[in-house]
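Have a look at these structures, which come just after this line.
You will see chain A twice below: alongside chain B first, and alongside chain C after that.
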Partner chain A sequence: MKIVGITACTAGIAHTYLVKEKLVRAAAELGHEVHIETQGSIGVENQLTPEQIRDADIVIISADISVSGRERFKDKKIIDVPMKVVLDSPKALLSKIEAKINSEKSPA
Partner chain B sequence: MDFSKIINLNAVDIGYHARDKADVLEHMSNMLYASGAITSTEDFMADVYLREGEGMTGIGDGIAIPHGKSSCVKRSCVAICSLSNSIQWESIDDTPVKLVFLFAVVKEAAEAVHLKMMANIASALADEKNCALLKEVQTPQEFVALFDSFL
Partner chain C sequence: MKKFFEAFKKHTLTGISYMIPIVVAGGICIGLARIFGGTQFTDGSFAYIVNQIGSAAISFSVPVISAGIAFSMAGRPGIAPGLAIGMIANNVSSGFIGGLVGGFLVGFIALKIKENIKPPKSMAGLMPVFIIPVLTTLISGLIFYYIIGKPLALVLAAASNWLISLKGASSVILGFVIGAMRIDMTGPLAQAAYAFSTACISSGICGPMAADLVAGMTPPLGVALAVFMARKRFNLAEREAAKAAIPLGLCFITEGVFPFLATDPLRVILSCTVGSATAGAIVMALGVEAPIPHGGIFAIPFMTNPFGFIIGLVVGTVVTALVLVALKPKVSGGNDEKEKELDFDVNF
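== the complex of A and B ==
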């Protein structure tokens, strides 16, 4: 699965980066390709490229605040996930998302 | 990256026995005040509690990351308290907390390098192995050395 996403928490100090890291690690362990942009007090980091967005199977947005640049995903499937869910069980979350995507794909 | 620039070595306490969450937050805020990093314990704690109201800072595995972005913060830094007991704290996994990282952030945070270091601390906490090591720390300098090594 190719995943892109954005994390952004209210203070933009800690959860933004912690949740990104959790997503990245979980995805790596499950063998998915992942690019997560953070929108925190430092500003935007790891900004998603148009190619990454174009190739992504799913967009994951985990944020306590509204994220900027949501229009970049207008043709993509987006899933909004509470930060708490990512922190608690990131691998289970990704597996569920993958199952859902696979079940929605038309059979070959 | 030199984490001794962000970890306030005068605001690190290992082995503190806390009554509850309010007690440890007050203790850590007092350390920050005594070190000169904040100008008011009460104002700072008000901002910390504001953030507490916005979402859980207990990130699981006995670790909490409360933070206050406040006009009374003179320099961004992190206070650390490794408790001898464990206390109730709103956490994603409902386990009690033993290790608290309190981030004090200058309100108009212009010092990007400090924000970056705090972001790195937060990222490091995503790794259970790192967290296990952090819970065993015995001296303030060890925290600095560990975070330096995680990068």
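== the complex of A and C ==
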């Protein structure tokens, strides 16, 4: 599964990067490709490229605040996940997402 | 209903997110001015100038939160009218509460205008530069001046007076509650306590923020202390995490406690909540006031009664550590980072 995502929290200095790290680590352990853009107080870092977005199977947005640049994903599958959910159970979340994507691919 | 709440939370937190740097910048400058020049500045002195700088910055706190909320709701077209309504909210003395309501009002109106007014293609550029700003600012401003401004000012005055009047046992309870709201470790309760404390600052009430600051620092510091007190009860990963937890805690980054939550959630949450609540109560009892919403240890010199804060911080840290060590089994239970059960509907 190819994943792109955005993280953003209120103070913009801690959760933003912690949630990204959790997603990256969980994805690596499960064998998925992942690119996460952070929108912290310092600004946008690791901005997603159009190619990464084009190739992605799913867009994960995990943020306490509004994220900018949602128009980039207008034709993609997007899921908004509370930051707490990612922090508590990142691998279970990714597996559940993968299951749903696969069940949509194969006509059940 | 839940969706409305989620949206309300998201817009409010976005507003606060933009507001934090300006309140910190302004508050620290004002604090520095106090350190250099006491409370009365001689016109034109260095302290006076620094105070001017800080006051200029901090006068933006309400406009910025209004603009942030409006931006979150309506995108860029919300920013300009949002700033204006925040200034209006200040002018009618409705402060933070006015700014909050004003931000949502502006966001709502700007969205409705975007949806319902469709100029011909050749005039499309007029929308964000003329139509939306003029109509939104005028309509929301009129609503504020003629309808909701005064009532909001009354609400703010009532809330501020109530908070200021809290003395003795009541303020201790408030500090205790603010600290105890850390129980969900930067989740919605802790965020609500933080938003409340930040709001109080813009009305000049800085006690709750002191409680919130100390309550956010004691978890990582307390857990780190627990690790140093009883190394054998923690595994290797936790001992490593303890080293990072100290600078994080000192900077008010409560997230330093997260690695410990992953391996032993119940004990860590219990000990941290007890420590935070204790620290919050102590700090309010001692009348500590923190005029800026972040900074951790760097904010201490700018507080009223900084030693009171340090006392609360130390006691809260020690309490957290003692409770955690007491709860922990004698030898470490292992290395697994357990995931919690996933309770989330995947929909896309």
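As a working rule, the second predicted complex is superposed on the first by the 105 of 108 C-alpha atoms of A that agree within 3 Å, B and C clash if a C-alpha of one lies under 4 Å from a C-alpha of the other, contacts with A are read in each partner's own complex, and residues count from 1 in each chain.
Here is the rule we use: a residue touches a chain if its C-beta (ideal position, glycine included) is under 8 Å from a C-beta of that chain, and two chains touch if they have at least 3 such contacts.
Only a predicted model underlies this, so the values are computations on that prediction, with no experimental measurement involved.
Touch criterion not met for A:Ile53: it reaches neither chain B nor chain C.
Of the two partner chains, chain C is the only one touched by A:Ser66; chain B is not.
Residue contacts after overlaying the shared chain place A:Thr16 against chain B, while chain C stays out of touching range.
Contacts of A:Ala92 after superposition: chain C is touched, whereas chain B is not reached. Contacts of A:Val4 after superposition: neither chain B nor chain C is touched. Shared-chain residue A:Ile42: touches chain B; no touch with chain C. By the touch criterion defined above, A:Lys100 lies against chain C but remains apart from chain B after alignment on the C-alpha atoms of chain A.
Of the two partner chains placed by the overlay, chain B and chain C both lie in contact with A:Lys84.
In the superposed three-chain model, the partner touching more residues of chain A is C, compared with the other of chain B and chain C.
In the superposition on chain A, A:Ala27 makes contact with neither chain B nor chain C.
Residue overlap on chain A between the chain B contacts of one complex and the chain C contacts of the other covers 9-11, 13-15, 18, 41, 64, 84, 87-88.
The touching residues of chain A, counted against chain C in their complex, run 9-15, 18, 41, 58, 63-66, 77-79, 81-82, 84-85, 87-93, 96-97, 100.
For chain A in complex with chain B, the residues that touch the partner chain are 9-11, 13-18, 20-22, 25, 38, 40-42, 64, 83-84, 87-88. Those residues of chain B that touch chain A in the complex are listed here as 51, 54-56, 59-60, 65, 67, 69, 92-93, 103, 105, 109, 112, 115-116, 118-123, 125-127.
Partner chain A is touched in their complex by these residues of chain C: 9-11, 13-14, 16-17, 20-21, 71-72, 186-187, 191, 194, 248, 253-255, 258, 294, 339-344, 346-348.
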